[in-house]
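Some structures are shown below for you to check.
Both complexes below contain chain A, partnered by chain B and then by chain C.
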Partner chain A sequence: MKVAEKRLRQLGNRMLQELKRGNSPYIEIPVRALGNVYFDSERRLLQLGEKSGRRYFLNLAHAKKFMQTLLVASYCLELIQKGKHASLRDVYYALKRNLPNSKEVTFQDQSESNPVIEDLEVSLNLLREELHISADRKGYLIGNIVLRERVVDETFEIDASQLGTGGWGIPSNVEEIEFLDIQADYVLVIETGAMFERLAEERFWKKNNCLMVATKGQPSRGTRRLIHRLYYEANLPVYVFTDGDPYGWYIYSVIKQGSINLAYLSEKLGTPDAKFLGVTMSDVDKYNLHGQVHKLKEGDIKRAKELKDYPWFKNEEWQREINLMLEKKIRIEQQAFSSKSLEYVAEVYLPEKIEKEDFLP
Partner chain B sequence: MALADELFREFRSMSVSEFFRKNAAMLGYTGRIRSLTTIVHEGVTNAIDAGEECGKLPNVYIRIENLGDGGRYRITIEDNASGIPEKYIPEVFGKMLAGSKAHRNMQSRGQQGLGISGAVLFCQTSSGKPVRVISSTGEKGIIAEVMIDVEKNKGKVSKKEEFDPKGWMGTRVEMEAKGVSYNRSKYGAFNYLRLTSLANPHVQIELIEPDGTKVLFERVTEELPKPPKEVKPHPYGITADDLLRLAREKGGERKSLKTILVKELSRFSDKRVRELKEKMALILLSRKLETQIEDLDKYLSEIQDEEEKRRIKKIYSGFLSQAAKILRKEARYLNWEEADLIVNAFSRMKLLAPPTEGLSPIGEENISRTMKAVLNPEFVACVTRPPKTYRGGIPFQVEVGIAYGGQVDEEGIEVFRFANRTPLLFDRGGCAITEAVKSIDWKRYGIDPNKDKVALLVNIVSVHIPYTSTGKQAIADVPEISKEIRLAVMEVARKLMRYVKRKKREMEKEAKMKALLKYVPEVAKAMSRLTGASEEEIETELSELISKKYLSSEDFSEEEREEAIKKEEKVILISNGGGLDEGSRKEAETTRE
Partner chain C sequence: MKVAEKRLRQLGNRMLQELKRGNSPYIEIPVRALGNVYFDSERRLLQLGEKSGRRYFLNLAHAKKFMQTLLVASYCLELIQKGKHASLRDVYYALKRNLPNSKEVTFQDQSESNPVIEDLEVSLNLLREELHISADRKGYLIGNIVLRERVVDETFEIDASQLGTGGWGIPSNVEEIEFLDIQADYVLVIETGAMFERLAEERFWKKNNCLMVATKGQPSRGTRRLIHRLYYEANLPVYVFTDGDPYGWYIYSVIKQGSINLAYLSEKLGTPDAKFLGVTMSDVDKYNLHGQVHKLKEGDIKRAKELKDYPWFKNEEWQREINLMLEKKIRIEQQAFSSKSLEYVAEVYLPEKIEKEDFLP
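Let's turn to the complex of A and B:
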């Protein structure tokens, strides 16, 4: 029996026991809020605190959510037993229905089912992918890597070097992806799809013997998990290349330390050893990009100030970078290098940075 | 001829009947509907009074016939009481103010001996017809037609006939009035009888309406009210006028005033005569010296001049013997000034409150029964307050019933006012009952005074009801009475609040249970899938869990809330001015003795 199945059954049996004793069944769920998240400086990861709450059937304020959680739990068990995967939206539709003799529905919309799924993940200490629930594919992978993907009862082998400029769309569940063969020195994580394609067209990965991953904005959980596995299982250093703005830097922060909302998954998703390649504020001077900068907006400034307070940015290098940004009140995009030439990033900027190991921690 | 003689040639003394013929409105004969209601009222109150007096459960039969001819009606009222002896018939029906037992100083519906003769007067002046009285005391039956000789204020029997009653006892009065009208409105005779039935659960009332409809207001208790006892008037409640009348009525056979006072007043014994004399003398002294003296010794001790002291003492002892002389004299020669002095002196004495056991309220249980029967409400609460006195000497008692929801007619708070169980239909605005009810902050009791269906029965019983006018439709605003009404209304409002709250809580509980129960099937299905246990069993157990939680829990905060409200009420009473408490303070003092 799979771990997920076992834990779901345990959950059910515990509740049944409570009921038999004449008590209200409940589900214990760790609190997922800022107040219950802390930075573990030793492991360099955001971690979930000890606080947890109980969701009781007999408590009128909990009852509906209790039912919803149980609906999701029993549906996940069904998925696992059938070996099928459902998207977040599938789950919502599969479970949305009218309650008997009532106008009330089990789930009003997806914004009600999504958090319940997360509740169940924390409560069971499982990934939603392990519960056979998937999210949209978002990131891409390209490079000298051969993978094996299982689809229900078939397996497919994928060679990510044979997929042209598009690369392989990273599924939300990468748990059962097997790495068959990897020929690469590092992983280059790229924020924008446009930059990824640019570099793919230059066949940067081939010329520099690396794997390229596009996050296309904030990385999905599958993408983060894949980066994590490439670092820990294939021992590949991870370099992150984002826009030189607070949003890009925050993407780096999430890849590295995890996010508040998914702090309970940091251990599975975070890659604390990832390095930041660029774009940095110092690069503006170094590569003379003064003509390509944009002014920071109010929101950016606020965000930058927040970043400055993050424990993992409390080092000399980052403080200097953030201060520079706040001083000059500017931001710079990955594609700013195109002002020099289309190939400049692939031929000059990236090789130079990697060569000199000009990274931020 | 002197001018005055000329001017006074037209002067004629007016008899009582003449006075009321010209001022019929004062007796309640105004408007077509009200006039008919008043006639019915006079007949019915007498019928019930008479029944109670002879210890019989009253059966009252009323028939109202429309004779056409511009509002000509015949009103027949029949009772099953003792009947009226032949020789009293002209007195009762033909003489105003004379024929009554109301002087007995006991609780009764009638009070002035103005009632039925007033109706006869109104009938004969409007229709020209005499009243037909059929009465039997058991052995002998009399049929008589009576008219009032208005100038002489005397009954005139025009036709008289004997008949064999064959065991029937009672009185049947047939009156004919013109310019009156009948309907079922608030002010009509129908509603009057409905309310009479409400306050008199021991009475059976049968009404035949003009269109032949027979209405029966049924008796809901077989128990006669405790007969009211005659209570001697209390010195505090008496006026100079009352005292004069008492002295004249009881003062025959050379009885001294002192003897009359001791014999005819309650709580005034031989032992208190000395004190009365002293108080009288003190009042006279105060007048003479033009200063208010409460305590003679204290007053004297403040005077330095020994000569002056002696002089005052001498005047005082003079007044003392004057007072003694007044009390010694024959009662029937008492004059108004002396009576006023005595009443004044009474008010300065500390006397025990009068006995109150003579009163006969409806009683909580009976109010509850009758309100349920007549109004068919969802909830009823009643309170009969302990007897109190007003003006220090007149016993009265307030009782209030509250009915809520169900078939109570109107939204908002409807007040049924009663005095000695007689409905008060008119002059609502000027009545102390209306005012007292209005002053209650209903929201405090969780009641919406505009939306909730609430009926209040307020009955005031007393030996002497302080009406605002001869129409006897509104209670005067006497502080002691108003306060009692408020306290009684608050008490039932509290009971209602408790009910409404409990009901609301029950409803909330039910809603909560329902809310939880609707999740049961889904939860059971999911739990069964996760565990493999029987879905049905889980469903049963979950449902049981819910009922266990909601059917057992008790809430104790309710009593605390009530305590809090009681405290607030005290504050209101105090803040509503010392006037309200005047009476009870006096009473507290007097009972301490």
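Let's turn to the complex of A and C:
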């Protein structure tokens, strides 16, 4: 039996026993608000604190949410048993109905069902994906890796070295995926789709024996989970390559230690040993890119100051970079190297950085 | 020689000849503004009108843009000769520089280089992709199709039936792709990534012998071009499945007859014979989905009224649908059918619609 199924059954059984004993059953739900999020410097992950709340069946203020939580839980159990997956929207429609003899509906709209799903995740310490609920997909994979994906009662073998410049679309859910064969020395995570495509055209992954993952901006959960699994299961070092701006650096930080919103999932999505390859402010000098920088806007400056205060950026190297950014008030894009040549990133910048292990922590 | 290379060389040669004759060379550029866009009811495509302008070398108001246009043109020629592709951002950085003995730069920022690239497209009647410039990528493909992609000096054979639920990430550029083998009766185009994934889990493409394409919202140029080519080169009927809201219906309209912004590309990106499968307002009655609809917001109502006035929606069937939407002030999502069962779309709705050819024009 899958862990998720076991925990859902335990939840149901506990409710039943409480009822039989004549008690008001409750669900314990850790608080997900900012005030209960902290940076665990030992594990180097954003984590939830100790605060939690109880949602009681026999409490007028709790009863509706209690009902919603159990509805979602029982639907997830059904999904797991059928081996199928539903999107957030599917869950909403599957469970939305009028309560008999009343004007009440189970869920008014998706903004009521989505947080309940998060409640269940954090309460059972399970990924939404393990509950068979899928979310947005984004991101691509390319390289010498063969994956096996189980799709209900069928399996597919996916060879990500045979996909041209397109790559494999990373599904929202990578729980049903096994790594069959990997011939690669590291994972290169790339922020923009355009850079991914450029490097795919150069067949960088082939010439440098790596896997390439595109996040297309802030990575989806599926992409973060895949990176995490490639590090922990396949022992591949992870190097992150973003624009040299506060937004790109925050993408790195989310891949590495998780996000504030999803702090309760950091240990399943985060990769604390990921390294930052670039683009750094120091690169502007090192590669003489002074003509290719852009002025920071007000919003960028504000964001950079926020980054500076995050505990996980409080190390010498990052403080130096952020200070440089704030001093010079500039940002630099991944494509700035094209001023030298179209192939510069693939043939000089990346190999040089990786060879010298010129990374930020 | 590729068409694009030929046209670029012709452009260069013409400039040279004019100069030798002592004339001020010019480039003729059709006007892309809304006032020069019309719906060609014969070809059923949005098209550019006759208006065009000339950009002269020896005209103070034109000189800078003239220089920019030729800079981009010569860079494109270089790309084509090398068999490589650059992103919009790459082009900007590759061509940005200080003019000697002056404070002038070739391009201030990307907002100066992007429109020049569009000028060149429309002037030479070539896709940006044919000029080897790539743009944003989005969209996925899955099904019994084997593609061959040429990547510089290497070719890849991509079997889109071996990709699990992930599918193939449609690259920004599908010009280097050939269809080697297709076993499918039609193309199903799907608006949301979540619905694509749901149908992939049901292996709808396999059970119903079709190709599935996800647009993830408004389709990228690459995705539109791929749909176009599947229709014209592989003779596959195209059925479009979106949410039943003005935004979804406009996605259909863009796939079918092109967009106002890119009217000059309609004949290369549009698929006028595409059919609309759903979700329609009539489906709400037919499938008894009254409990699953959402109220239209002000913006939706405004958008629906705009759709109603577009010439290409001026047919009985669509006017009826749009009127129904405006009367009832409702919209409906693709996932609404999950209220019946998770499999309803895959097992009942889509097969029934396709069997009965219950489409909108």
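The definition used in the following text is that the second predicted complex is superposed on the first by the 358 of 361 C-alpha atoms of A that agree within 3 Å, B and C clash if a C-alpha of one lies under 4 Å from a C-alpha of the other, contacts with A are read in each partner's own complex, and residues count from 1 in each chain.
The rule is short, and it goes like this: a residue touches a chain if its C-beta (ideal position, glycine included) is under 8 Å from a C-beta of that chain, and two chains touch if they have at least 3 such contacts.
These figures come from a predicted structure and were not determined experimentally.
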| item | value |
| --- | --- |
| First, second, both or neither for A:L180, with chain B first and chain C second | neither |
| Partner chain(s) touched by A:R137 [first = chain B, second = chain C, both, neither] | second |
| Touching partner for A:A73 - first (chain B), second (chain C), both, neither | first |
| First, second, both or neither for A:L99, with chain B first and chain C second | first |
| First (chain B), second (chain C), both or neither touched by A:A234 | neither |
| Chain A residues touched by each partner, larger count belonging to chain B or chain C | C |
| Partner chain(s) touched by A:L34 [first = chain B, second = chain C, both, neither] | neither |
| Touched partner set for A:L60, first chain B, second chain C, both or neither | first |
| Touching partner for A:V3 - first (chain B), second (chain C), both, neither | neither |
| Of all residues in chain A, those that touch chain B in their complex | 8-9, 11-13, 15-16, 19-20, 22, 24-25, 57-58, 60, 63-64, 66-67, 70-71, 73-74, 77-78, 99-102, 104, 106 |
| Touching residues (chain side chain B, partner chain A) in the complex | 512, 515-516, 518-519, 521-523, 525-527, 529-531, 533, 538, 541-542, 545-546, 548-549 |
| Contact footprint of chain A on chain C as seen in their complex | 79, 82, 84-94, 96-98, 109, 134-138, 140, 147, 149, 151-152, 154, 156-159, 162-173, 177, 192-195, 197-198, 200-203, 291-292, 294, 333-339, 342-343 |
